[in-house]
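Working notes for the structure below.
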Amino acid sequence: MSKLKKLTQYRLFLPLLCLALVLLVNLITTPDFFAISVRDGMLYGYIIDVINRASELVILAVGMTLMVAASGGTDISVGAVMAVAAAVVCNVLSGGQQSVNEYSNPYLLGILAGIAVAALCGCFNGFLVAKLKIQPMIATLILFTAGRGIAQLITRGQITYVRVDQYKVLGSSIKGLPLPVPFFMAMLVVIICVLILKRTALGLCIESVGINAKSSRLVGLNSSRIIFLTYLFGGILAGIAGLVASSRIYSADANNIGLNMELDAILSVALGGNSLGGGKFSLMGSVIGAYTIQALTTTLYAMHVSSDQVPVYKAIVVVIIVSLQSPQLKKGISKYMPGKKAVSRNEVA
Amino acid sequence: MSTKPNKTKRKIDGNSFLLLITIVLFFVMYIGGMIIFSDQGFGKVQNFLNLFISNAGLIVIAAGMTVVMITGGIDISVGSVVALTCMLLAWLTEVKGIGAVPATILVLVMGVVFGLVQGFLVAYLNIQPFIVTLAGMFFARGMTAIVSTDMISITNETFLSWAKFKIYFPFGGYVNRKGVMIYPYIYPSVVIALIVLVFVFIMLRYTKFGRSIYAVGGNEQSALMMGLNVRRTKLKAYVLSSTLCGLGGFLFCLNTCAGFVEQAKGLEMDAIASAVIGGTLLTGGVGNVFGSLFGVLIKGTIEAFITFQGTLSSWWTRITIAALLCFFIVMQSVFSAMKEKNKH
Amino acid sequence: MESGVVLTMRNIYKTFPGVKALQNVDFTLKKGEIHALMGENGAGKSTLIKVLTGVDEFEAGEIRIDGKDGAIINRSPQEAQMNGISTVYQEVNLCPNLSVAENLYIGREPRKGGFIDWATMRKKASELLEDLDIQVDVTKAVENYSIAIQQMLAIARAVDMSAKVLILDEPTSSLDDEEVEKLFVLMRRLRNQGVGIIFVTHFLEQVYEVCDRITVLRNGTLVGEYKVEDLPRVQLVAKMMGKDFDDLAALKKEGEDTKVSDEVIIEAKMLGHKGTIRPFNLTVHKGEVIGLTGLLGSGRSELVRAIYGADKADEGELFVKGKKLQINLPIDAMMNGMAYLPENRKEEGIIADLSVRENIIIALQAKRGMFKLLSQKEQEEFTDKYIELLQIKTADRETPVRQLSGGNQQKVILGRWLLTNPDFLILDEPTRGIDIGTKTEIQKLVLELARQGMSVIFISSEVEEMLRTCSRMAVLRDGMKVGELKESELNQSSIMKAIAGGAE
């Protein structure tokens, strides 16, 4: 019995369990879900598809994890920032035209501009949250609503196309790589983050600040700078995700890029076993959570749920997960467990 | 030895000051509009009444939002619940052939149930209101799509007769080019909205429930210690908000006479902005529905500006509101920081 | 019920998992008396109150209250209130955004025709407060008034609702002298009206000033019940500690030979922080242990916070080892050899979910900067060193620090700062809430560190403790440094006089 308990205490147990469950359901609805075929040195199959499409979400989830950990709040503007970044990249590359077949400006310039604007959005959020101490949900609500409007303005209300082969690279497969490029982009982001968090004290600092900002300040940590950094970072990562998303469709669609991804990102973090109130975090947990969400979405599509309807199921899953995290629920359940002594009523904090 | 009255700290009542700014801002904007667009009829009485007509639904929803925000929470599902309400009304009357009255009652019940679920999760399971209502938002929007992915127009006669019914004022009219006296009018939705506003105001000021809303928002722990049922209060607040969303959705539907998936997207932002601009503190404990009314009127005025101007994209309304919201949020936090400093 | 008695608790038993919190405890409260409930940490004071007021259940025993036949069991604070027992806590439980009148009547607002009758509420509130001689504007929001006034409002509400037993839980911790006096006036007034008041506190002086009787608990059992005039201070302390006082006094004699160097480590010139500490001068020499003494609210913590930068000083100058410094953030102080163990361990000391190892190395890591991470090996070595040195009781290095007992948590924080090898260590109530054995260890450690050349500022509400460790004391009163006492002047009576000040 204690071996089972030890297993459940393992940090990544819950996320892995959820992933396993979702994959199981996938297998049931699509018997050849795990079938992988190889063609020209590239892998194909349902599961490859899931891994591919989850890439933007993985990138967002990494950023979201850090923002949640440091500030206990969530950034709901990430989807909108993706759209803004995509709009900037495409418009720089198209030189302001609606559709081009070759770059009007250098590729690198376009990318840097997009990431820079995304970073600016991150700074905006970070300033409101870290310096003005505004609740993260409210602070990011501003860009959540204004963001797509800004993206629309940049693209002048139309979808901007960049029909250049090189542009599609980040969103598609290339010869020599067994998996599509987005996957590698996601992995690159994860690896760089893990390195930064583990090789520097940043991971420890973020956790410390998230757990107790006052104590952290007194031991010499600059809470406000650290929180600001996480939002800046979150913005940059949203920019990268926007770039990847845009590359897939070689265009900037201000209405649809990153749509509803904020919920997915939050869900990934929660599924990863991270507390939405901040503090200790597990990046790998969020990554696993992201793949789980993508697998869930795939299941839903396979069951002929339209993309407008998918959010219903995700909402239900979010509610279940956060409810399970709620100590009130645990207390309520333990009352009904036979043989367990009633927890001492302690209404007074 | 008697206790001397403690010298009240020089408190800059920042919040009343902000509310004053809001009211002044509205009048300045409106009068400005009357000057700038005088030749396009901005000054007509009907134009002022149109503010109420187009925003009757928002007024009701903002009232509900104010109540929830006073408790220190938030409800970002409102736009989606409105969309769901409209879609259900359309579906029930068109596809299911149910009469307008029973359909309306059903959607109001739906609002109550929705509020019960959200309220339970926030009040009894202690989940952050933001997460709960974010899930609620996606759930309701998704359900709207499940009911129907295509737009459904309402052809139900009763409903349409409600929608077209105008109430004319016997004064304030003008003679048009054809020599006919045109009197200004409003729709019953405006009357409903104003009644709701008064009702919520009285509830907040004169009932036990209303006062416990403020108490819980001011200091939840204290409210609990003083014997208030904090959980029940919060639950009721969310029930009220979602019910008012149902009602507001009904009013929206009277305007559009249709249900479609994209309806009321971003409405939650308008409601929150109206409440905040109207003096509701994000941190809770302070709020006033009449202030929120002015917040709605300001939003309406901005929209009128954009419309009269003609060339600007409608996205500018959203951006301007976001900028105003940003300003008020920043000012609120500045004032609260100053209050903290004065305490020492 | 005996006449003149309003509350009896007999043979109360309460256990928490693994801990016998209360064993066979008796308590008697008379009508119209102010009764102090005292005991060191773990004595069972707060458990007894929680059991009485319905916050916790008790396993055995009986509670009786005047006016009710048979034993009562309070299952909630509301039920306790209905039985005539009210509590006012240290964190005043009022709603800051609501008016005074409203706060007094929340939950029982006067009604007229189903709606709240504001006019009547205001009138009743004014009358109630006038009765108790509290002068405030009942229409103003409570947040406009000081904690002291808010406390009195909370008391007014409590008494208005149930006037038999009033429990005051550490009410004076955040009050200054004047405010404490006003509180006592109110308490005496209530006592004369027949209310029985249970005064839970650790301030000896206040007990002797305002109380009629004292009940002392120790380790969950009743030590005794005494009339204030029959129990001298020293005996009270002895009963609370269960020890002989002389044992501890012996420590001081050993340290008396400490030679203090002439080298000045810290010099504060007219350093001040608006609203908390008036500009002060202080000089700290190498190897010196300076005590800061004064009543609560006199500014001791605020003084050190101004030096360390926890609350950035807004006037005056600070010199560290002769060099002028501008300290904006704690990290500036740390980089110049300072360390600060804060008063509030839970909120400003431990980082609860982090491990013992992480809590210990974090200050040193912050000094090193974000990018120079201490290697795993180094971290483990450092942690083990301090676990050993300070005898920290923990399952292992990776245990989350919140699982440790209060005393061990304090040791972790101490280890954290010692690891940074400071020249100047500030200890604010380092032994608060710690058992006697650990207290003595820490005092010995401080003396040893001073011998090795570290300068220390030591703050404690227990004067005896400071007498044992300090070679000099600075005296504070009302947010201002009012004087200093040299080694030869260090004894209880001169300290009391210095704190009291003037010709009293």
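Annotations for the structure displayed:
Letters A, B and C name the chains as they come in the text, with residue numbers starting at 1 for each one.
In this section, contacts are C-beta pairs under 8 Å (C-beta built on N, C-alpha and C of every residue); 3 or more make two chains touch, one makes a residue touch a chain.
Small disclaimer: the values here were computed from a predicted structure and weren't measured.
Counting hops only between chains that touch, chain B reaches chain C in a minimum of 1.
When C-beta pairs in contact are tallied for each pair of chains, A-B comes out on top. With each centre defined as the average position of its C-alpha atoms, the distance from chain B to chain C rounds to 47 Å. If each chain is reduced to the centroid of its CA atoms, chain A and chain B end up 31 Å from each other. If you average the Cα atoms of chain A and of chain C, the two centres end up 45 Å apart.
Residue positions 77 of chain C each touch two or more of the other chains.
For chain B, residues touching at least two other chains, in rising order: 221, 225. Of all residues in chain A, those that touch two or more other chains are 347-348.
Residue ranges on chain B touching chain C, taken from their complex, read 1-6, 8-9, 11, 202, 205-208, 211-212, 214-215, 217-219, 221-223, 225-228, 285-286, 339, 344. Residues 16, 50, 55-57, 75-77, 310, 329-331, 334, 340, 342, 347-354, 358, 362-363, 365-374, 416 of chain C are the ones that touch chain A when the two sit in their complex. The touching residues of chain A, counted against chain B in their complex, run 74, 76, 128, 132-135, 137-139, 141-146, 149-150, 152-153, 157, 260, 263, 266, 276-277, 306, 308-316, 318-319, 322-323, 326-329, 347-349. Contacts from chain C toward chain B in the complex involve residues 77-78, 81, 89, 91-98, 102, 106-107, 109, 114-116, 133-137, 140, 143-146, 148-149, 152, 157, 181-182, 185-186, 274-276.
Put simply, chain A touches chain C in their complex at residues 199-202, 204-205, 207-208, 211-212, 214-222, 279-280, 344-348.
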